[in-house]
Amino acid sequence: DLAIALAMTDVKGDRSLRPSKQKPHQDYYLKIVEEKTSGIVVRGAKTHISDSPVSNELLVMPSRAMQEDDRDYAVCFAIPVNTKGITLICTEADTKEPGNYFDYPISSSVYINDALVIFDDVFVPYERIFMQKEWPFSGDAAYMFGNFHRLSAETYKAVELEILVGAAVLMARYNGLERISHIQDKLAWLVQYCEAIEILGRSACEHCVSEPELDLVYPNPMIANIAKLYFADNWHQATKYVQDIAGGIVATVPSAKDFLNPETHSILEKYFGGKSGIPTEHRLKIIKLIKDLTSTYQDVLAIHAEGSLAAQKLSIFSLADFERYEAAAKRAARIDDGTTHPLYSQLPEFPQRILE
Amino acid sequence: DLAIALAMTDVKGDRSLRPSKQKPHQDYYLKIVEEKTSGIVVRGAKTHISDSPVSNELLVMPSRAMQEDDRDYAVCFAIPVNTKGITLICTEADTKEPGNYFDYPISSSVYINDALVIFDDVFVPYERIFMQKEWPFSGDAAYMFGNFHRLSAETYKAVELEILVGAAVLMARYNGLERISHIQDKLAWLVQYCEAIEILGRSACEHCVSEPELDLVYPNPMIANIAKLYFADNWHQATKYVQDIAGGIVATVPSAKDFLNPETHSILEKYFGGKSGIPTEHRLKIIKLIKDLTSTYQDVLAIHAEGSLAAQKLSIFSLADFERYEAAAKRAARIDDGTTHPLYSQLPEFPQRILE
Amino acid sequence: DLAIALAMTDVKGDRSLRPSKQKPHQDYYLKIVEEKTSGIVVRGAKTHISDSPVSNELLVMPSRAMQEDDRDYAVCFAIPVNTKGITLICTEADTKEPGNYFDYPISSSVYINDALVIFDDVFVPYERIFMQKEWPFSGDAAYMFGNFHRLSAETYKAVELEILVGAAVLMARYNGLERISHIQDKLAWLVQYCEAIEILGRSACEHCVSEPELDLVYPNPMIANIAKLYFADNWHQATKYVQDIAGGIVATVPSAKDFLNPETHSILEKYFGGKSGIPTEHRLKIIKLIKDLTSTYQDVLAIHAEGSLAAQKLSIFSLADFERYEAAAKRAARIDDGTTHPLYSQLPEFPQRILE
Amino acid sequence: DLAIALAMTDVKGDRSLRPSKQKPHQDYYLKIVEEKTSGIVVRGAKTHISDSPVSNELLVMPSRAMQEDDRDYAVCFAIPVNTKGITLICTEADTKEPGNYFDYPISSSVYINDALVIFDDVFVPYERIFMQKEWPFSGDAAYMFGNFHRLSAETYKAVELEILVGAAVLMARYNGLERISHIQDKLAWLVQYCEAIEILGRSACEHCVSEPELDLVYPNPMIANIAKLYFADNWHQATKYVQDIAGGIVATVPSAKDFLNPETHSILEKYFGGKSGIPTEHRLKIIKLIKDLTSTYQDVLAIHAEGSLAAQKLSIFSLADFERYEAAAKRAARIDDGTTHPLYSQLPEFPQRILE
């Protein structure tokens, strides 16, 4: 099977400057440096490119709308990862000990490997180019990618949240806390958070948008953005609740090496027990799971992967049907400014009026 | 057309005591005081009963699960509002001036009239009784009512939120604020809040539950509860944003009488203007709309009508599929406690293991 | 005794335009329209001016920093309220029934009367002028006023919060809820909110700033702004908790007229009782108090009076000792960029270093 | 110099059971197992004991109030760490690479080493015992310890927050974001958070409580608890803001080994640059600092060390002067229930009254 990595995000340098205005060099966004008869030569670097070291192809596209003087940056193509001139610098793995699934159940199992992908004057043949300096379409491409990408987030996030909620409820049970009112409150909140992501993500598919002339169907952009924002905006609240339920031991738990060491095993077996009947090993494994699931890596993945919080808010703002909202408010406030709306007509006159 | 009001909520007296344990009297929950050959006699009071004074019939049902010694309180029936022995004491209307739609666009248009309905030894004939002391079913009835009632909330709330968002965006436009970053941020949040309620409410219908043997179809309980909780839990955040955008004038705006008074009209016309081109009257009407929409009445309606926040959390907690979450967490943490789950099987052995 | 009202806030028209750029007229900020030998003539309107109708004097000052072409707007003076050319248009009172302290315990007792004060070419003699077109000082004046004004907020807010917390705890007791875990949780939060405002406000005085050359002592600007922001930013959370504890009756409570009416008194006495031993009248009075304390007026007062949330954040941002924070971070990260700081010196070399 | 570690927290087993009711053994709380003529023998384990492996002495005390049948658990003493029968099992260090201050600036510098301390039938001579089965005083000891401990939190947390705010502001500057409105908003919030902890902690000292008969002075319990709660309750919000400002690179940054490797240095130097003029090394160091500062360890330290959120809320609830709040509310609501209060007397009669 072939795998493809999506290389959109540029390194960006100074965030207040457009691609062509960057200093001291203008390679902070990937760009075309030469146009040849058989193809183009590109330079720049894409960053945080998930799974790129284990993919066959890179799909490279612009990360933002461009203006005319940024036209060299409006470029989109697909290329094998092992093309000459491409270098990958890998993210440091989050686990401290590959293969140790007791202490690092998540980070030893899953290494997304979001690499920095450098294009050092890479040649791209014409048949692999989708966009070449058509700068007015750059924003559309980035935006349409977002529609799919937000949803892809929801699919894996919903599962991640099932694990997180499961860890919280098991920890509560293992510690004998499952009937405590404030714990149930927090678990209920976690459940609604997990389920809401699932419901909203599914709804983005059920209410997908189709553009028949283009033979294109895509997730409902408003719903997909709301789902992603809801997930990302509440992640830190969720980890706070889970860590609160789990107790200080998430910070201070010793290594599995101590637990499995015959000299210390029985002590830890005895003292790290929870509710009677629960094996200490299970309790420790859930503690380790919580530690791994609420790491900096997971936090930043939650906020930034598939677009930062600001990106979702911007999309929601620009997709908003403000005319409908305004018509609703004008009707309620009895403002007649000559505008009409199919859903919200003016209210009929009421029997009495103060204005007369 | 006939209208029916739903009378579920009891006055409840001391919230820490069950119906039959209340002091100094045991009429804080509606109960059967006599059983006759042709029917029953009931006593008690239902409170906050929306639209009851303008309805034909009352559908009366228990507001909670009952235990055996509360069996007299397990009663459900329908009865005309003008039956002998029924007294209604109406809620004070929220508007200061009925008919004044300028100053009170919402509260002068809509008066839900949630009355206290007193049953002073009211006779209910047998053919109108649905439950009579079958106390074990009392909780089911209350719970099933909740399923429909949460959804009914979402239907009118979604519209109310369109008005609220519309008021916010119009105020921003009228004040020349629509391009300010923090205002757009707040508007984006308000849009997602409004749309999320619509999406979730709709999803509760699309994923309704049907019980074929009972010929019964009802809104998905988990989704309906999540939608209602999301609405209620965020209402105060929403009004805060809207009031923040609108400015201090929501508190200090003079009466329409001053605006419409020929002596003062031109002064107010001049100084209460906003962005050039917007009639002052429109700006004032939106200010009044915001004032009316963010009243104490609306706040409490948001939190308590269709069940308090705690009621939704309780429902979500009791509906939660904890087994699924636990299975997901156990799989991720590699805990094998002998349980199995159709969705989450144990992870296969990885090549290396620390435990050996 | 003489009373003085502080007239700073201008009506402002289009918030995106500076005073001299407003359209269609340039009177949205108070300005000097004529300079005579014995004084000046001013035109414009100050809005939300608390207690102005019951004050002797108005202290008028600019509401923002000015640029050179706004110099006519840089004006500060004191003037009797009954000066020729001054008109006051009063805010609508919040109470529905002046004198009815049962139903409107707050709004019938306290009517701040934040009027619109119009200056229709008012003459101000020279001896009453403090600033006349010295535009570079306009921002300083507004800022220094803020220092005192934020603190004045905390003084009355701390007391208001004692009433709010008291209402919540009484309602909990009257309803038999005082031992319920989630109620105690909310009460604890309310207590810390109330006390934090008191502590921070007091600390702003204890750590006041004195400028001996100017013979000037003023509240600590950073602390006063933090206190005001903490208050304003959390008010809606507080009212949500109080309304949640109190129940739906805050929305649906009938008028005192029904309670005091001999025909209906006994019914309400019986059914609106709470915990045994608490007079129904006391319970109803607390319900009315909560209704009045969580009104739109109080919400907007909380957010906007003494400057909007954005104003506090701006002040905090501009007062922040970023050099200290940066020095702390550089030390921790071992960044040596040549800067030094009295508090945070570079860390000494550690025994081992990876860089070598 | 001698160092002492404070060993209060027990391992606790099943959180729903008191010490003497635990199953399958009753050693989840440290207890006296034998009383001899010259001293006592204790068994149990204290957990999360910061710095215990590098201290000379342990001060051991009960972690909760005890009831009569838990009297064996009411024990307090000091003992050298290297006493016979004491075993320490250390927390796993958070750093992946001791000595690597580039990648792990915090976790390689600071290793609190919160060990599990096991007492396997340890003999404690009488002269080192402060409490022996005086169970009614157990709660007081735990509570008084909290007063000092909450404050000790604020002292180091205030500094930690200076580092955190500094990292955020440097990252904003390094990325060219310092003039962006939403970034300034977040920085302002972070500044107030940092300063509020400092102000509140200082105020707890300035308003300390002294009990002259006991020759005892201690931090103001209400203020110290509010400060700790404010810190802990907002930590996750703070890390969310900092991670949001910093961007996805906090998750995906490569190791310093790649940056310092001559083969890859120049690529990373070029592409990981930010605003022109900022050395890439400085930018990378701040990224690493943020990664280290927002780790699971720091999260859990924030929430649980010096007592969980619930502990602070409980303290605040039990310290609250509810009589004062109630008196304020009764006065405002005009409730006369016969109680009096030195601060809040009944309001005088107003001219008009509805009740007559």
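Order as written gives the chain letters A, B, C and D; numbering starts at 1 within each chain.
Everything below uses one rule, namely that a residue touches a chain if its C-beta (ideal position, glycine included) is under 8 Å from a C-beta of that chain, and two chains touch if they have at least 3 such contacts.
Please read these numbers as outputs of a predicted model, since none were measured by experiment.
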>> Please identify which of A-B, A-C or B-D repeats the interface of C-D; the criterion is that more than half of the contact pairs agree.
In response: A-B
> Can you give the whole-Å distance between the Cα centres of chain A and chain C?
Replying inline: 39
>> Taking the mean of the CA coordinates per chain, how far is chain A from chain D in Å?
In response: 31
> Which parts of chain C, given as residue numbers and ranges, touch two or more other chains?
Replying inline: 103, 180, 182, 185
> Viewed as a graph of touching chains, is the assembly arranged as a line, ring, star, complete set, or other?
Replying inline: complete
> For chain D, which residues are in contact with chain A within the complex?
Replying inline: 9, 11, 13-17, 22-25, 27-28, 45, 47-48, 87, 89-92, 96, 103, 114-116, 118, 120, 175-177, 179-180, 182, 235-237, 239-240, 243-244, 246-255, 258, 264, 267-268, 270-276, 291-292, 294-297, 299-301, 303-305, 308-310
>> With touch defined as at the start, can you tell me which chain D residues reach chain B in the complex?
In response: 180-182, 185
> What residues on chain B touch chain A, complex-wise?
Replying inline: 97-103, 105-106, 109, 159, 162-167, 169-170, 184-185, 187-189, 191-192, 194-196, 199-200, 202-203, 206-207, 222-223, 225-226, 229-230, 256, 260, 279, 281-282, 285-286, 288-289, 313-314, 316-317, 320, 322, 324-335, 337, 347, 350-355
